[in-house]
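Here is the structure we will look at.
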Amino acid sequence: MPDLDQILNRISSQMHDSDDWGEVAGYIPELADIDPAQFGIAVATAEGDLHAAGDAEIPFSVQSITKVFTLAIALGRAGDQLWQRVGREPSGRAFNSIVQLEQEQGRPRNPFINAGAIVTTDEVLGNRPPREALAEIVQFVRSAAGSDDIHINDAVAASETAFGNRNFALAHFLASCGNLKNPPALTLGTYFHHCALEMTVRELAMAGRFLVDAPGLPRLVSPTRIRRLNALMLTCGHYDGSGDFAYRVGLPGKSGVGGGILAIVPGRASIAVWSPGLNRYGNSQKGTEALARLARAMDWSVF
Amino acid sequence: MPDLDQILNRISSQMHDSDDWGEVAGYIPELADIDPAQFGIAVATAEGDLHAAGDAEIPFSVQSITKVFTLAIALGRAGDQLWQRVGREPSGRAFNSIVQLEQEQGRPRNPFINAGAIVTTDEVLGNRPPREALAEIVQFVRSAAGSDDIHINDAVAASETAFGNRNFALAHFLASCGNLKNPPALTLGTYFHHCALEMTVRELAMAGRFLVDAPGLPRLVSPTRIRRLNALMLTCGHYDGSGDFAYRVGLPGKSGVGGGILAIVPGRASIAVWSPGLNRYGNSQKGTEALARLARAMDWSVF
Amino acid sequence: MPDLDQILNRISSQMHDSDDWGEVAGYIPELADIDPAQFGIAVATAEGDLHAAGDAEIPFSVQSITKVFTLAIALGRAGDQLWQRVGREPSGRAFNSIVQLEQEQGRPRNPFINAGAIVTTDEVLGNRPPREALAEIVQFVRSAAGSDDIHINDAVAASETAFGNRNFALAHFLASCGNLKNPPALTLGTYFHHCALEMTVRELAMAGRFLVDAPGLPRLVSPTRIRRLNALMLTCGHYDGSGDFAYRVGLPGKSGVGGGILAIVPGRASIAVWSPGLNRYGNSQKGTEALARLARAMDWSVF
Amino acid sequence: MPDLDQILNRISSQMHDSDDWGEVAGYIPELADIDPAQFGIAVATAEGDLHAAGDAEIPFSVQSITKVFTLAIALGRAGDQLWQRVGREPSGRAFNSIVQLEQEQGRPRNPFINAGAIVTTDEVLGNRPPREALAEIVQFVRSAAGSDDIHINDAVAASETAFGNRNFALAHFLASCGNLKNPPALTLGTYFHHCALEMTVRELAMAGRFLVDAPGLPRLVSPTRIRRLNALMLTCGHYDGSGDFAYRVGLPGKSGVGGGILAIVPGRASIAVWSPGLNRYGNSQKGTEALARLARAMDWSVF
C-alpha cells in the first residue's frame, strides 16, 4: 500500500506548481476577499486514521457541502416521501438555474442544486423554529466529525441573506408552486445558516466518515441509505460538472462554492479538499485536480 | 355609418347566448369569487361621445391594463433609455414566465409581461416613496379619464401581496441581475397597488382616449409615442395570445387578468370591454369575442 | 401630400451616408458574394402609380418574402384548417430555431419562421408533383406583379439544397411529428425553389399590391384574408425583430435574408426595399432604416 | 457467497409475478410486434463463469447498447480529441431531444444520447466506406463476446432508416453546426446498422466482460479507459433516468430501446438483462427491476 502521507504532501506541493487557481466566488464579500492561492487536503480512513497536508487547519465555508448532511437528515425525517418534492436526476444546468424549475413545475431536479436544497431544508425545518432545525443540523455534523468546534459563521449567513436575491427568487418560485411548507424567508434563513457552517479539511474529512460504511466509523444512517447518498453525490454532486468529475475522479463527491469538496471512497476513506478558486462549473479547480491525482495514486475509484 | 349604440347592445346581448364564459382568475379571492357571467362594453369616440352597453357601471380590477399607463409614464421619465432595461419583442411565453428572464439575463422581453411591468414600475418609482409614485399614476389615469372617482382597491393590493410568490420570484430574479433600482418589496408594493386600480368600462374607455390621437381628446403623450405604445400593445398586449388577437381583432389592445381589455382604433375610438372569465391565454374570453364582432361591424381594423 | 419621388430619392441618397450596411447572408455563395453597398426602393400606390429610387432594376433573391405568397395560396387551399398545422403567434426565437418546434411538438409557431413556411409549402404542394405547385406559386406572383419576367433562380435553389442542413433538420423533425404530408426532400425541394424567386424592388412592390386592399388593384384574396395576412406580417414578419419593426416602422412587413422587405400601407401602398446587408435579427439593415424614414415622412403607420 | 444460479432463477421467476411489463417501443414494426412478457438474464463473472436464467437464448435488438462499443472504438481512434465533438455530462433530457443540441450549438451532451452516438459513429466511420466501419464494430463485439454468431439484422436497420426522421433531424442539425465529417445519410446508415446488432443475454453478458477489468477476461481497452467508460455509463447510460438507475441499482449500465440493459460490476461481473417493455424513461422496466434485485442480493454496488 502506498504511503498516504507522502502522497498527500506531494499533491499538496504540486498544487502550487501552477498559478491557475481559478476564480473565488464573488457574490459575497466573505468569499470574494479570500486569497485563492491556498490548498488543503485531509483523508480519514476506514482504519480510523486521519492524514492531512497543506492548509489543513484553516476553517472555510463549506457552503453546498452541507446539502449532503441536510439531505441525510431530511431522508431520516421524510423517508422516500421526500422524492415527491424533489427528483434525483442530474440537472444539466447551473446550480442556481430557475429555468428547469419552471419546466418541471416546481419540483427541483435533485437535492444538490440550490432549489432542491431549499426544499430539503424546508423538510428539515418542518414546523420548528429555525434555531431548533439548525441545532439538529449542527449536532449531526458535530457527531459525524466527532468535534464540537464546528460552528456557523453568522456574518457569512447575514451576507448570504443580503446578497441572496437569486435564492429568494428560487424560494418564492417554489412557494408559488406549492412546494414550500414554510414562508420563503424562514426556510431561506435556515438554508443560509447551514450553508455558513465552517470547518477545516480535517473536520470535514472526519464528518464525511458516516458515508464510508466501514466498521468502527460513525453509523448515522443505514447502509442502503449510504449507497443512495453516494449515488446522488456521484450523479449530481458537482452541478453541471458532475459527469466530468465522475470521469476524471471516479468517486462520489460534493462541492461547495467556498472551494471545498467532500469525496467518498466507499468502504475505504472520506476525503476533504479545499482550495477557494473555482473552475467554470463552480467547483474547486485545484481541489478537483488534487482528487484526480489522489484517486489515481491510490487506485481509488468506484469504477 | 352604423349605429354604434345599436351594435353595442346587440353584441352585449349576443354575449349571453352561450354559457362558455371561460374561467375567472383564481389566484386571489377578490378575483376568484367574481361571477363570470357578466359583460360590459364602452366606446369613447374621437368625436367626444361615449357609448356603452351591458354591465358598464360595475367597477372591476383593471390589473395588467395599468401597464399601459405606467409604461407611458416610464417613457416620459426615462425616454428611450428605458429600452436598455426592457425589450419590446413578443415573448412567446406565459405572462409570468421566468424561463425567458434567465435566458435573456434579466432583461424582460417587453413591458407588458409581468417582469417587464415590474421594471417599468421600478422606473416610475425612481427614488420616491411608493405613495408619491402611486399618486402620479392615479393622477395620470384620472386625467386621462376625466374622472376623479377612479381609485385603488387596497384589499386587492393586499391579496396580491399575500399570494404574490411568483411576482416576488420575478422581482428577486431581476434584482439578482442588477435590473431593479429599488428593493423588490418596494417596487412590488407599488406594482401591486397600481394593478389594483378599479374602473368601470366607461371610465376605462375614457382613460384610453389619450392613445387615440385625435383633436379634442386629452393629449398626455406625443403622437410618435402614441404610435409606439399602440405598436407595443398590438405585438405584446395579449401575452402569448397577441398574434391571435391581432389576427382576429386587428386592433392594439391590452388585457388584464380581471377580465378587462382596452383596445384602440387609431384616430377613431377607445374601446373598453369587461367580462371576468378568461381564455387559455389569460385574456377575457367574451371580451375578445365582443371586440372581434365590434371591429367587424364597424370595419375597425388597423390592417 | 408630400412628393413621393422626392422623398424616395432623398432616402436613397441618405442610405449611402453611412458605411454600416450590415452583413450579407453567408450560408450560400450566391448571397455571400453580393456587394452589401446597394439600396433600392419602390412604392406602388393605391392610385396605380409606381415610384422608385436607387438600385430599383437589380433583381435580388426574395427568399422568405415568398412565404407571404405561399401562405396566401395555402390559405386558399386549406382555409382555416391550416391553423391546425401551424400557429400564428410570434416566436420569440431565431428564424431557424428548432427548440420551439420540439417544445410545441411539431406545430410551428407561425407561417413565417422556416418550420412554419415548410408546413405551408407542404400544404401548397399537396399531392402534386413539385413543378406543378411551383408553377402555381410563380403564376400567383406574376399575376400579383403583373409581370411575366419574374422567375426562379435555379442556381440559388441548388445552393440552398446543398447547404440546407438546418432546413433538412426542421423538415425531418416535422415529419417525425407527423406534420409533413410529403417526404422531406420533396417538400424542401419545393420550398428551396420558391424561396429562390428573383425580383427587382419594382416587381416586388407591384406584387405586394394584392395586400393593399384598394379599388383598382389586383384582387387575389378576400379583404378579410388581406387583413389577417397583414396582421401576421406585423406580428411575425421580422422573426425575433418583429416587435422592433412594429415599433420603429409601424407597418406590416416581411423580410427576406436576401435583403428585401415588403411592407404594406393598408389602403394606400405597397413598398419594396432592398439592401443586402442584414442586422442582427437577419433583416435588411438599411431597408429597415429606409422604411422607418419613409413611414415618418409620409405619415404612414397603422397606429 | 450466495448461489448465483439460484438467485437468477428466483429473480427470473419473480419478474412474472406482475403483469406490468411496460410498453414495447412502437416506432418500428420489428420492435412494436414483440411480446412484452419476456425476460432473460445472464451474468458473466470475473472467474470466467456464465450464469443465465429465463429467456436467455432469444436474440434481441441491442440498439443503444452498441453505443458503448462504438464509444470504445471511437476513443481508440480519436483519443481525448473526441471530447471536442461531444461532451460527457448527463443531459437532463429525453434520448432524442434536439433542444439541447441547439442550445449547445451542435455539441451533444454525451455519447449515449442519440445525437452523441451519431457523432461517435461519425468518428468511427472516418473516411472509410460504411461496411468497413461496420465490420470493425461487429468484429469488436464478436471478440468481446468470444462468439462469431453475433450479427446485424438488416431488416431492423432498414426499418430504422424508413422511420428515422428524428435521427435524420439530429444528423442534419449536427451537420449544420459543422459537427459531422460525413454526409448525414452515410453516418446514419452506419448508425442504424450497428444499432441493429442482435444478441442473446448470454452473448451480451459475454461481450460486456471487457468493461469488468479482471485478469483472464478479454482486454480490449486500457484500465483507465474502462473506468471512464463505466463512469459515463453510470452518469449518462439511462438517459433522463440515469440518476434513478444509479440510485436504485448502483451500477454502471447502458440500456437499449429493444429492452436490453448491460450492467457492469467493476472487477466482478458483466450482467445482461432483457425484457422488451419499457418504463417512462425508455429503459427496460423489468430489466431495471431485476438488476435492482440482483445487486441487492449479491451486494453488488459501486457505492
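Letters A, B, C and D mark the chains in the order given here, with residues in each chain numbered from 1 onward.
We adopt the following convention: a contact is a pair of C-beta atoms (placed from the backbone, for glycine too) under 8 Å apart; a residue touches a chain by one contact, two chains touch by 3 or more.
As the structure is a computational prediction, the values presented were derived from the model and not from experiment.
Participant: Name, by label, each chain that touches both members of the pair subunit B and subunit D.
Facilitator: A, C
Participant: Can you name the chain that lies farthest from subunit A, using the mean of each chain's Cα atoms as its centre?
Facilitator: C
Participant: For subunit A and subunit D, what's the span in angstrom between their mean Cα positions?
Facilitator: Inter-chain centre distance comes to 32 Å.
Participant: In whole angstrom, how far does the Cα centroid of subunit C sit from the Cα centroid of subunit D?
Facilitator: 47
Participant: Between subunit A and subunit C, what's the gap in Å when you average each chain's C-alpha atoms?
Facilitator: 55
Participant: Show me, using the given definition of touch, all chain pairs that touch one another.
Facilitator: A-B, A-D, B-C, C-D
Participant: What part of subunit A is in contact with subunit B in the complex they form?
Facilitator: Residues 97-99, 102-103, 165-166, 168-170, 172-173, 175-176, 184.
Participant: Give every residue of subunit B touching subunit C within the complex, in rising order.
Facilitator: 87-93, 100, 109-110, 226-228, 230-232, 234-236, 240-244, 246-247, 250, 252, 266, 301-303
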